[in-house]
Every structure is written in structure tokens, then in C-alpha cells.
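Two complexes are shown next, each including subunit A; its partner changes from subunit B in the first to subunit C in the second.
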Partner chain A sequence: MSFFDLQGTLKPLTALKQFGKKPHTLKDIPWKKREASDNYRGLHFNDIDECIGCGNCSTICQNAAIDMIHLEGVEGKKGDSGLRPRVDNGRCCWCALCVEVCPTGSLSLTKDYIYVTEDPDAFLWTPGISNPDGEERKSYVSTHELSLNHFNRIPMPELEGKERIKSFAEVVLGYNEEQAREEASRCISCGICTEVCPDHMHIPEYINAIAAGDDKEAVKIIYDNNPLPEMCGKVCTRRCEDVCAIATRGDSVAIRWLKRYATETAATADITHEIVNPEIREANGKTVGIIGAGPSGLTAAYYLALRGYDVTIYEASAKAGGATMYGIPKYRLPIESLEKQIGYIQSIGVKIKFNTKVGKDISFKEIYDKYDSVFMGVGFPDAWPLGVDGDDAEGSMQAFRYLYMINSGEKVDIGDKVVVVGGGNVAIDAARVSRRFGAEVTILYRRRVEDMPADWEEIEGAEDEGIHIIPQGIPTKIHKDEKGHVKAIEYLKAEMVADDKGGRPRPVAIEGSETVLEATAVMAAIGQMGDYSFLPKEFEEKITIERGRFVVNEKQQTGDPKVFAGGDAVNRTADAISAIADGFRACKAIDEYLSGK
Partner chain B sequence: MKEIKDKMIAQINAAFPEAVNKAYDGNRLDFTVHKDAIPGFLSHMKDQLGFRHLSHIAYVDWIEENEFELVYLLWSPTDKVKLFVHTRIDRENPVMHNIDMIWRQANTYQREIKEMLGIDFPDMVAPDEFILEDWDDIPPFRRDFDTLEYVNRTFWHRPGREDAQDVRETISKRSGEEIPDFAKKYSR
Partner chain C sequence: MREKATTLYLGPQHPGITGNMMVRLKVMGDTIVSAQTEVGYLHRAFEKLQERRNWLNSFTLMCRFCVPETDPMENLYARAVESLDNIEVPERAKYIRVMVLELARIATQLMWYAGQNGSLGLYTMGQWSIGDRDYILDLFEQLTGGRVYHMYQWPGGVRRDLPEGFEGKVLRTLDYLEKRLKDYDDLMFSNSIFQKRTQGVGYVPKESIIEHGVVGPVLRGAGIRSDIRIDEPYEVYDKLDFEIPTQEGSDIWARALVRRAEVHQSIRIIRQVLDQMPKGEFNTSIPNPMKWRVKAGDTYVRAESARGEVGYYAVSDGTIHPRRMHLRGAAYVHAITLLENILPGQNVADVSAIMNSLGTCAPEIER
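Now for the complex of A and B:
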């Protein structure tokens, strides 16, 4: 190209042909402030209140730019790790993967890309704290379409409502392998769930093992602190799922169903033994006596036996499992499943003396003297009566007793119109069992359906099976026929009144709203209580009972250092997993007590 | 649009019976051809069927199948039809035909692919380096390249980040959960 390149000199002048045409550039510059595009990926913003500190942003960052840190004024609580992300802007490449994996959607990128400071080292940026006004400048936000999280749960195959009421066949059919792997891979492994699990099971670890196709490892991890995991896999109250990070914007990971899937891969007690391959310590010559073969007693027994203790359980009934054996209908927890798990516990050396009621077949004192330590997992064997007029009629019973008799194989005459009073799982269980015996069933509950303490799936299941629920009804009287048999139940309609003290709304009966409902049987499911008559007077001073429960310290130890207690007769949550947690804690404490460590 | 597409599909099938068509809605056409057929296929598309423009060459690392995939994205400005041409390349012997004599801009795309994925284009004339300088690791867009490990090895951590906490550890410490060692390999 020479200096006098004529073409090169004249070519630019062709631009003049655009003269006078409408420009494509923005008109208002420099008067109007330039705005970045609508999904611009600039500096981070985090909604500190919405964030739960799961740390998924920090894990995904391929530049190791995000730290999880404690912030002043942000406390850890159930469902929140208490940590918040901080970004090293010197490392960030604005790829926005952190936003795309954020389960809550609290993290976003803003339109801001200019940040001026006199400190050349000021690269550490706590989104939301460093830019409190960033909320208004958000541009790249995690929508459901954009998010890389899978918010929808793999549906659990179930029997249809009409099929269900024909038999006691298990309603939930369980995941197959493909479904389980897919569901397991929805978990982001933050571990926030582990804190609310009373037993602190290692949830992210066993779910990851399932996702990786390693079911045996999953079973091993599960058995680390829960010896009745298949039972939990079927009927646990699963508070873990309430705080699942994915549940902030979608369906929680099906933690319970995944546990069920893993444990069911061990089809028999022998296979379970082979997979768990427990390390049983040499016998240490010390003995522990346990009262009650419910979840807490079985748990304490299993882990004590692993630690080399000689353990004997005294069980009043013909079968072990306590409330999980006798209180839960078989369509939720088949007997074979529970017997397999108990069989495995026995296989490692736990002895169970069945049909031996303490206080009748053997005295508490005898057990106390015979063993180096005693654990009481005696549960709540009695149920509250309804306490209304006519309660003594034939056909008026406690739902818990009814379930016990049915599960023991006894026949109970309930007629064809059953009314269950209550709103917890026991009420629903009794109703659904009655339905399976062909009765028309009505549940009468004092509050609203949404206030029912029962699992929502159970409530839905009951409705599917044709059970009628009457909410806001307070029973006042049971009518008898001339033979003294239940004829009807009378109740008052209630209105919900806001509680002044900030509690949940209270039902208040509406005067003159008496309604009579025909019935052949009335079942009260309004709570259970303990029976401590087996405890001799001489122990009353040390082993104290307050408000119907044993008083224990944080190690499950009663006032008598040799005696420990757990399960429904101790904790207020009254579910199987809390009982298991009590048993596990007691095992560690008894080990400490007897080994002197 | 449907007639135009059907006509094109018939023409392509006639000229390249081995090319596999996949149906898509809208103005998208999609064919998979053998890698050795690519230069002939593309120049035919350009010269005979009006796909005058090469928009991009996309690439995928199918590590599980031990293959790379290249997708040539073509555009016909007259018929307003886009054509995706897929081909697979052995991951063990990643060599591909150069097409920059058909479209000059392919030279730039191929330089990127060579550097980021490690596919060689033996008869392409271009400088060795594209964006990465003095790169001595495996190509960084391969899926077996561990970006995080590379970052931690290469860049120092800024002072002031020592207070970083592990979420799982924070929670287990607070609740008193004891995670057994054999389970820790499944922790995040």
C-alpha cells in the first residue's frame, strides 16, 4: 500500500451516503445514563433473608471465588446454616453458575459493573451487604426456567384409592432403581436437613451413595446411627424434608423414599448383615437390661451389643417393635419389613424376652439388681378416653387400642359406621383401617383440616379412600341404644378464634349448633399416655416423672445414674425417629457410664 | 416453509444418501454425516442449496462415548432456513478436515476448537496459539479437565479469606452429628 493509495483515501467518504438517515445508535447519549442489558451479569447481589446458606454457589464456583462466612446478625437456625456467600471479585469470571444453582433464588447478578474504591485490595464482596441497594439493580436472576436445580420430585407409584381399601396391601409401591437414582441426584448435599433430624442421620452422604449407584454403601451409612431404617423409610415423620433446600422453591428431595429404596435392596436380615458387615467388639462382661422393645429400646440394644455389651430386652407383647409394630397399620408398614429389621438386630446378639411384662412377670427391682445398667423405653401404652357423656358405651373405644388389637390379629366389632375423633396420624390410621373392614368412616376434628397434625399424604390418602372429614366439630355426647351400644355421636360446630397470646387459632363451640351423627363405633384418637405402675415406690424419689414423662438429663439419664430412659415416655415429639435418637444417645451415655470413660 | 424444507431434504438425500436426517419444527434442518464427508457436504450445501453463510461451529465432548461432536451451523439467507450438520470424531485420534477454504471464518472457529478441545486440523494454516498463552495442560474445554483443581494450583488465595467455613461441617458441629470416615467420601 503506497502513501497515495487513492482507493484507501476515498473509500471512507462513502460513509457520507448515510447522511441524513435515522441513526441506529442511542439518541440521548450523553444525557441519558447508559443502562446494561436486561440480563447483564454484573456484580452479585444476595437477599440475605432469603438465603439459607446452603453453599451450593460456593461448591459450583470453578474459580474458587466464593467463600461461605459468618456474618454479624445472621444466626444459624433450623433450615439455615447461618453462613452467607462472599465473592472474591478478583477471581469471578461472571459465568453466573452460582446463580443458576442457587436453590432459593436469593443470589443474582446485577447491572452494576463499575466499582470504584481507593483500596486496591478491596476485591472481597459480600453480596447484599456490600451493595444493600442491589435489589433494584438485579438483572440475571434465577428463574425456574434458568435454574439448574430439579424442582419436581419423581412421583412415587401408589395403589389407587379403590384398590387400596380392598386389602391391607402396602399402598406405597417404592421407587425402582432408575427412579431412585434420578430422585437422589436432585439433592445438592448441603446437609441442612441433618440438623432437624432428631437422630442426625447422614442424609447427604447416603443420598449421594444412591445417586452414585452404590446402594450397599448407602445402607452401611444409614445403619451408622439408625437400626430401623426401613421402618423410617416407610413411615418417618421426616422433618428433614420440611427444611430441604430444594423445597424453598420446589418439592423437597424424597429423603424418606430414598432411604426406603436403599434399605429394601437388602431383602432379608442375612443380606442386611452381609451388607452392613457390623464390627462387633469382643464381649466386655458388662450387662444391660432394657425394658420395652420399641424403637428406642431396640436402638440402644443394637448399638450397645455392637460395643460388646450383653443386652437383654424385656417386651410385654408377643412381638418387638412397640408402637411401630402395633400402632401402625400394615398397609403403611408391612409386618415382614419390621420383622426383617428386628431379625437383623437379634442376629448380632441382642436377646429379647417376649410376653414378659415388667411389673407383672418380672419386677423392676429384679432387673435393676441383675444388670449393670437399665434402659427404659416403655412408650405410651395407654390412650386418653374421649371423656364425654356416654363414653362407656359399647363400641366406644380408643383408636390406639383398636390398632393394637387389629395388628395383634384380633377381631373387633365396629359395625358399618365409624366416627374417629382426632386429627393426628393415629386418627387417620384408625379411620383407614376401619375403611378396609368395609365401614363408612367419618373423622371429626376440632380444628380446620390444615391444622391437622397428621401427615398431609395421610390426610389425602384418607380422602382418596372415601373417608369423610368433618372439621371444626367438638364432640359432646355419645348416644346409646337400649342395649348400651353406641348409636350416635353428638357434636357442636366450632368457629376458629384468633389466639390473643399469638398461638394457633382456637376452636370455640357455637351454641345451639348441636348435630347428631349416626355411628356404630366411636374411636378417640386424642393422645396417648404412659403407664408407670411397674415402677416400685422405692425408686420414685430418684426416677422422677413430670407431666406424664420421665425426667432425664441431656444424656437420657434419670435421677438414678444407673437408669436411662427414652422414647415417647421421655421426649415430647413422640415419633419413632426421636425414639431412635434417644436410644442412640443413651447407648453412648451407658457406654460412658459403664466403661468409666 | 414445509415445502421448502421437504424439497431440500429430498435434494440432500439424493446427493448424500448416507446423511441421516432428524426432523425439527420451524426453519431448522438437521443432518448427521460422516466426518470424511464434511468438506464435500458443506461445499455442496453452499454452492447448490443456498446455505451461503456459516454461522458457527459448535462442539461437544461426549466423554462417556469417547467421541467429540462438531456441529456446523449454516444459514440460507434466501430461503431463511438454518441447517445443523453434525459429525462425530474419535476422541483418541482427534483429527478433522479443514474447511476454511469454503468459509474463511471457519479458520477462526477451528483455531478455537483446536486450542480448547484439542482437535487437530492438519491442513489449516494458522498460528499455534489462539487465546491461551504457554498452555501446557490438556485442552481446558475437555470434560476431564478439572477447572477447580487447575485454579487452585495456579492462582493464590487472596489474604482475608481464611475465615471461610464448610457448610456441612458447620451444621454437623452444631448438631453434634458424627459423620463416620467411610461416609465422608460422599460428603460434598
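Now for the complex of A and C:
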């Protein structure tokens, strides 16, 4: 190479042709604002109404840039924590994982990337509040398909409809290990379910243990505040699943089935004892008498016994469990399952006196005087009659009573055409049990199918088993044959009329629409009621009974400070998990009351 | 009188390299007597941080291992997790990944054009190539939602499919760049000043190449044909037709020619990718990130970045957190041991140019 290289000197000068050109990124600036791409990950936007405050965005955020805060005007309610995300833009790295894991799809990123302010605290940004106009500038969004949430539930293996009606074998077969782990892995541990569970069970924690493959840990966590978890795992009304964050855009996590899976891994009462390994405090010399071995009584008894109390339960029937033992058909809750759980409760020292009806075999006063405190979990043992003409016919009965007799091993003559009146779980249970005895079954309900208070899975199960549902039918009369036996049921068709007060639509009978349905048995499943005849007059005066229920304070305490109550005879929800919650609360209150703390 | 060596601190802020690191030089006049690198200005403990995060959100740290070229790092993480957890990646995702990797390679080389020339005082080149790099960043923005930190390749595939009309935009950008590369040649490679400042400067002897485990354009600039894309093909590189350019000089000039040729090869690869890319899924569903337990085991994956081979070692103990993560980038040896080795005898004015030609990326050294 010579010292002066002509080409090497001249060629670079061709760069002069670029003189005055600007890079394209600067072309229109500052006259025109640069528009970001349709996919841009800019500042956050949150649809405040759609957001349920599950906090999944905050959990995934690797920079701890998202806090969940209370906002004025946003109140917590069922299925909504009342919290909303606030982003610290000084920490955010715009990875948009918060968007990818948002179960509701309310969180997104926008095209906005410049934000200038003199306020030094403005980097704390509440998406949706700080930028209400962000809705139109949304760019990076999580659709149902792109979301990292798993919206589809692992289907529960079940017996076929035709197989089921041949016996009382359990319909639901339960998850196997692999299915349970996979289903548990869908949970995002937001804890919104815990809020609505009457018993505030530690749902995210035990699901987490199942997902981690530690079933024993799950069982331990579950037993922390529920001594009948396998029962709940099979028949709970599971309000938790209604509010599951994943259910906002998909199927809720099968919380009930996961609890069932975990508890079933403890096959016997002894194994349960071994796994839970309960810490039983030294006897403190105080005694508690409990009336009724239903879920509330058993719960109070279990946790009081753990705290060192000497607990005795008085049970009128031959078996413990109350409505869960006698009211729930065995294809939903096998007797062995319940006996295992009750066996475990007895194994820690709870005494149960069976076949001892208070008011008959022992007086209330005797119990009241004998124990330092009394808990009444007496339930609703009686059922409402249908209250129409011909109600007294042979073959006209109450569904709850029918279930009791069947579960006690008695034989009941129902013929081959059964009509069940009602739309709750008891109605469906009575119908499905009758079906198992070979009858043709019809359910007559005043409102529409979608208004039925029964569990949707139960309704589907009944339909699968060939049960016919007649909605919008109001029974008016039961026809008898010459022997006084049920021959048919007469009903009026109803139309749904919107409620002026904003309540659910009411059924109003259509005149002249009388229809007669042949029947060999009619079962009324329109509600149960209490039987308080065991209470002596002087005690009844001390406490309050309103609309057939005991009135208690927030500690389950009646007007008599020594006496506590819970279960169906107290709460309106009348389900097992509420009864368990009552028992748990009462245990703490009785402990406080007796220890003077 | 005996001449006394002067200590000269070069850095931690540098012309020509990304990130902060310092070289302590002992100089006699303009000639370097010895060099010692000093790092520690940039340490952010990414590898340790990943152990606290879950298997998904630790992926967002990967792009920070090398800011100018983030995509090979994301690719390594995705492939490491896929190999541990036996995740199948859809074919389309593999093609998209290769396209992204090659676009990133071009963008990195354009940034190198700026750095290499900037360190020699030819600033016009930098303004051109950084401006042209923005066309690629525009593509990245449309595809991934981010210009520099793409966070796009993740375990299972890629996060989003190609936007409508994206292929056409890529092809137009490639056509434009091909034309522009001629201008670059005129301004840079034909420039006698550039030639004089680079030929014979920053020479890496053959024995140092083996001794220091040299990779990438530095290795190929010394006449050794080695590239992970060919030696151990990943994604769909085995289905693509491209060459591995080499040069013999083992100096800055040779390495510059290798990089120049690589840009052309990358353009060739992307055109093939767009031609062959199948339709279909772009992602395999991964478990809920909050409960994702990757199967226990360990794995080592390699990829070819613009600076050379990068390797990633990942260990899972079967929990929701990675147990150990380790990245080994080209810059780790190039910019520490090799640099210290080749600087003595060089002119002090050439240090930045040498560092640039070795592919120094400080964030890759300090993880």
C-alpha cells in the first residue's frame, strides 16, 4: 500500500451524498409523536371493574414492582378482594408477565411510553385510575388462548349413568395421583376462595401441597380447621369454586375434588391419626356436653378435645354424622368414609353416646347441670309437608324422611312412579335414590331449572340417570285411589314474572293449566325445620328463637352464656361447611369462656 | 536515565464497548507494557437472582446478560428448560426463533460497525449503522413489543405469532440493508485510514486461540472454521444453507471482514427461513408458572451469538425455582485473559479498537 491511496481517500467521500439525511426514527420528531407498535409493551392499563384483585400480577412480578392496594370506591365483595394493582414504574421492566398471568384479562400494557410529570411520587401508577383513557391505547393484551392460565378443568372420572342406577356405588370415582397434581397445578394461590369459605379453610396452601406432591402435608393443613374434610371433599356446597379467579374466564379449580383426593390418601382412621399427628393438650379438668353428633357438634368436640377438654356428645341416632350420615345418599358419601372420619375424631378422646335422645333418654337440664358448657348442634330433623289437598294420602311423604329411612336400612314402598317436589339437593337426592330402586322419577319444581338451588353437577347427574324434570309446575292437589293411596299429583303450570323489587323472578300459576301426573309416591322436598321440644320452658325463656332458628352472637353464644349453638338450627345457609365453621368458632368461644381469657 | 512506566486507567466508561469495565495499563510512551482488566462495576448477580425466581419469570433476566444482543441468551434459557422438562417446541416456533436470532445478529453487527469505527474516530459510520439498526429494532418492536429487551423466546416456543404482513416488512428491510452495506464498504472497508489502523493491529497468535478458548469471529478471523450453528446445529439451522466465513489475518481487519460477511450470511438465512417457515402453532402450553416444577436434572446448551459461542448450564432440583444457573459468554475470556495477553506491545490508542474487535460485552462478563 502506497502512502497515498487514491481510492481509499476518494471512496469514503461518497458519504457526502448522505449529507442532511436524518435517521428515520428522528424524521418527524418533535412535530409528530411517534406511534408505538400494536404489540408494544408500554405503561400498564387495568380495567378496574373487570379486575378481581387476585394479585397474580403481583406474585409473578420478578421486580416486586406491583403492590395490591385499597382504592377509594372499590369495595371487596364475594370473589373480589377489593384490592387493585399499583405499579412502581421505577422497578417495572415491562416484561408483561403480569399480563400473561392475569386470570380475568383485565390487565394490559398500552402504547404509551412517555410520561412526564413534576410529581416525584408519580412513578407509583395505579393502572386504570392514573390513565383512565388507557382503554383505547391497549396494545399488549392476554387473550383466552394466549393466557398462561390453564382454564380447562381435569374431568372427573364418573360411573356411566346406566351403571349408576344399578346400585348405590359411589358415582364419582376420584382423581388419580397424576390427575390431582395436574388439577392442583392450575391454582394460582390467590386466596379469594378462602374468603368465601364459611370455615376459611387454607385452600391455596393445601392445593399447593398437593401440587408439590406432598399429600400428607395437604391432609395436615386441611385438618387444621376441618375435622370432616373427606365428607366436604365429596359433598361440600363449595362456594369457594364459585369465586375461583380462574373461573372468570374458564373452569374453576376443582377445590372440592382435590380435598377429596388428599383426604382419601389417608385410608383409615389410624393412618389419618398418624398423618395429622394431633397435638392434644393435657386434660384441663373442664367438661363440655354436646347435643347432636352432626358436623357442627363433631367439629366443636374435636377441637375442644385437642385443647384438653373432656367432651361428650349425645346423639339420638345409632350413628354419628347427623344429616351427612342420614340425609346424603350413599352413592355420594359412602358410609365407610364418614365412619373413618368419625373414628378418627373418637380416637383423640371424644366420647359419643349413641341412641340417647335428649328430652327422652336424658333431660336437657341434666346435661346443663353436669357440664361446664353446652353446645347444641341439633340440626333440622323434621321436614315441611307439602301442604296441599290429599297430602295425608299413603305414599305421600317428606323426601328428607325418606332419605333417613333408606340410609337407616329400612324398606320404603314407593311403587314405580315417583314425583319429587322441590329443586334443592334433597329433592335431587330423593329422586336419584328412588331411581336406584327402579322407579320412574319426575322432579316438579316451581321455577326454571337454572333457578334450582341444587348443585349443577347433581342436576346434570340426575338427568344422566334418566330423571325427568318438569320446571314451572306448582302442585295443587294429590289424588288418592279408593284405598287412600297416592294415585296422581295435580299441578298448575307457572309463568315467570319479573320481581318489582329486583329479586329473582317469581312463578305465577296460569289459570286453567291444570295437569295431572300419575304417581305411586309423592315426596316433598321443600325444606326442613327444627324440633326444640327437648328444651325446658325456663331455659327457652333465656334464649331467643327466631323463625325457627336459635339466635346467637358472633361467638355462637346463645342468650345463656353457658350455652352455644351452631349448624342448621342456627345458620340459614344450612350446609355442612357452615356447620363446621360454627363448630370451630364455638370451640374457640367455649375455650375463651371456660379459661376466662 | 531509565524511562519510567506510567499507569493509565482506561475506563470504566469507554468509547466503543457496552457496559462498564476498566483496563489498567502500564505504558512507556505510547506503548503498552502490561495490562490488567478490572471488572466489578456492573455486577448484578443475575445467576443468583434466578435461583430465587420461578422457572418463568427468571427468563426475563436473560436479556440483560448482553444488552446489544439479547436473543441468544433468551434462546439458551428456553432450550435449557425445554431440555430439562422434555418440552416439544413446534416447528414454526423454531423458524421464528432462527429469524429472531439472525435479525439480532445483524443488529449486533451494525452496533459493532458503530463501535469499531467510533473507537477509531470515524463517527459517521456509527451514525449510519445505528440509524439502520433502528429499522431492525422496529421489526422487533412489532414482533415482540419491545425494541431492545425482547423477552420473546420462552420455554415452549415464542410468546406471540408473527403480526400480519410481518414477513414482507422483514424482506423490505433486508433489501434496504443489502444496499446500504455497499455504502458501508465505501466508507469503511475502502477507507485507507481504517485499513491502516486495523491491519496487523490486535493480532491474536494461533497458540493463544487454543490456550484461551477463543470463539466466534475472533476464531474465524484466525482461519479456523468453527460455528455452533454448524458444529452442533440447534433449532432449524441444519435445514438451512449458509456459509461460515473465515479470514487468515487474525487482526482487527480480518475480524472486521468476517463480521461483514456474516451480515450477508444472516440476510441469506432469514430469506430461507421466511421461505420455509411452516404454518401452525408457535407455542407449546407450559404449566402454570406459579406451580411449575421442572424435572430434576442438569443440562448444558450452546448457541452462536454475534460474539461467538455462549453456553448455559442449568440445574433443576425439581422445585419451582432453578437450583443453579450459569452462563459462559465469549466476552468472558476474550475481554479478560486474552486481552491482557495481547495488549503488551500495542499502541495505547488502539486499545478501544482491539476491545471492540474482540467482542467485549461487559454485562456478559459480570453476571
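Note that the second predicted complex is superposed on the first by the 560 of 597 C-alpha atoms of A that agree within 3 Å, B and C clash if a C-alpha of one lies under 4 Å from a C-alpha of the other, contacts with A are read in each partner's own complex, and residues count from 1 in each chain.
In this section, a residue touches a chain if its C-beta (ideal position, glycine included) is under 8 Å from a C-beta of that chain, and two chains touch if they have at least 3 such contacts.
Quick caveat: nothing in here was measured; it's all calculated off a predicted structure.
Novice: Check whether A:A209 is in contact with subunit B, with subunit C, with both or with neither, and answer first, second, both or neither.
Specialist: first
Novice: Touch check for A:I69: first (subunit B), second (subunit C), both, or neither?
Specialist: In the superposition, A:I69 touches subunit B alone.
Novice: Looking at the overlay, what does A:E217 touch: subunit B (first), subunit C (second), both, or neither?
Specialist: Touch partner of A:E217: subunit B, not subunit C.
Novice: Output check: A:G82 vs subunit B and subunit C. Expected answer is one of first, second, both, neither. What do you get?
Specialist: After superposition on chain A, A:G82 lies in contact with subunit B alone.
Novice: Is A:G292 touching the first partner subunit B, the second partner subunit C, both, or neither of them?
Specialist: In the superposition, A:G292 contacts neither subunit B nor subunit C.
Novice: Of the two partner chains, subunit B (first) and subunit C (second), which one does A:G567 touch, if any: first, second, both, or neither?
Specialist: The answer is neither, since A:G567 touches no partner chain.
Novice: Touch check for A:S189: first (subunit B), second (subunit C), both, or neither?
Specialist: Both partners.
Novice: Please work out whether A:P127 is in contact with subunit B alone, subunit C alone, both, or neither, and reply first, second, both or neither.
Specialist: A:P127 sits against neither subunit B nor subunit C.
Novice: Based on the superposed arrangement, let me know which partner A:G53 touches: subunit B (first), subunit C (second), both, or neither?
Specialist: A:G53: touches subunit B, not subunit C.
Novice: Following superposition on chain A, which residues of subunit A contact subunit B and also contact subunit C?
Specialist: Residues 59, 61-62, 188-189, 208, 212, which sit in both footprints.
Novice: Which residues of subunit C touch subunit A once you look at their complex with the stated criterion?
Specialist: Its residues touching subunit A are 53-54, 56-58, 60-61, 124, 127-128, 130-132, 134-135, 138, 141-146, 149, 151, 159-160, 163, 183, 186-188, 190-193, 195-196, 285-293.
Novice: Where on subunit B does subunit A make contact in their complex?
Specialist: So the residues of subunit B in touch with subunit A come to 147-148, 151-152, 155, 157-161, 163-168, 170-172, 174-177, 179-180, 182-184, 186-188.
Novice: In their complex, what parts of subunit A are in touch with subunit B?
Specialist: 53-55, 58-59, 61-64, 67-70, 76, 81-83, 86, 88, 90-91, 121, 123-124, 188-192, 194-195, 200, 202, 204-206, 208-209, 212, 217, 220-221, 224
Novice: List the residues on subunit A that touch subunit C in their complex, please.
Specialist: So the residues of subunit A in touch with subunit C come to 1, 5, 7-9, 11-12, 14-15, 18, 23-25, 36-41, 56, 59-62, 93-97, 100-101, 109, 139-140, 146, 148-150, 184-189, 208, 211-212.
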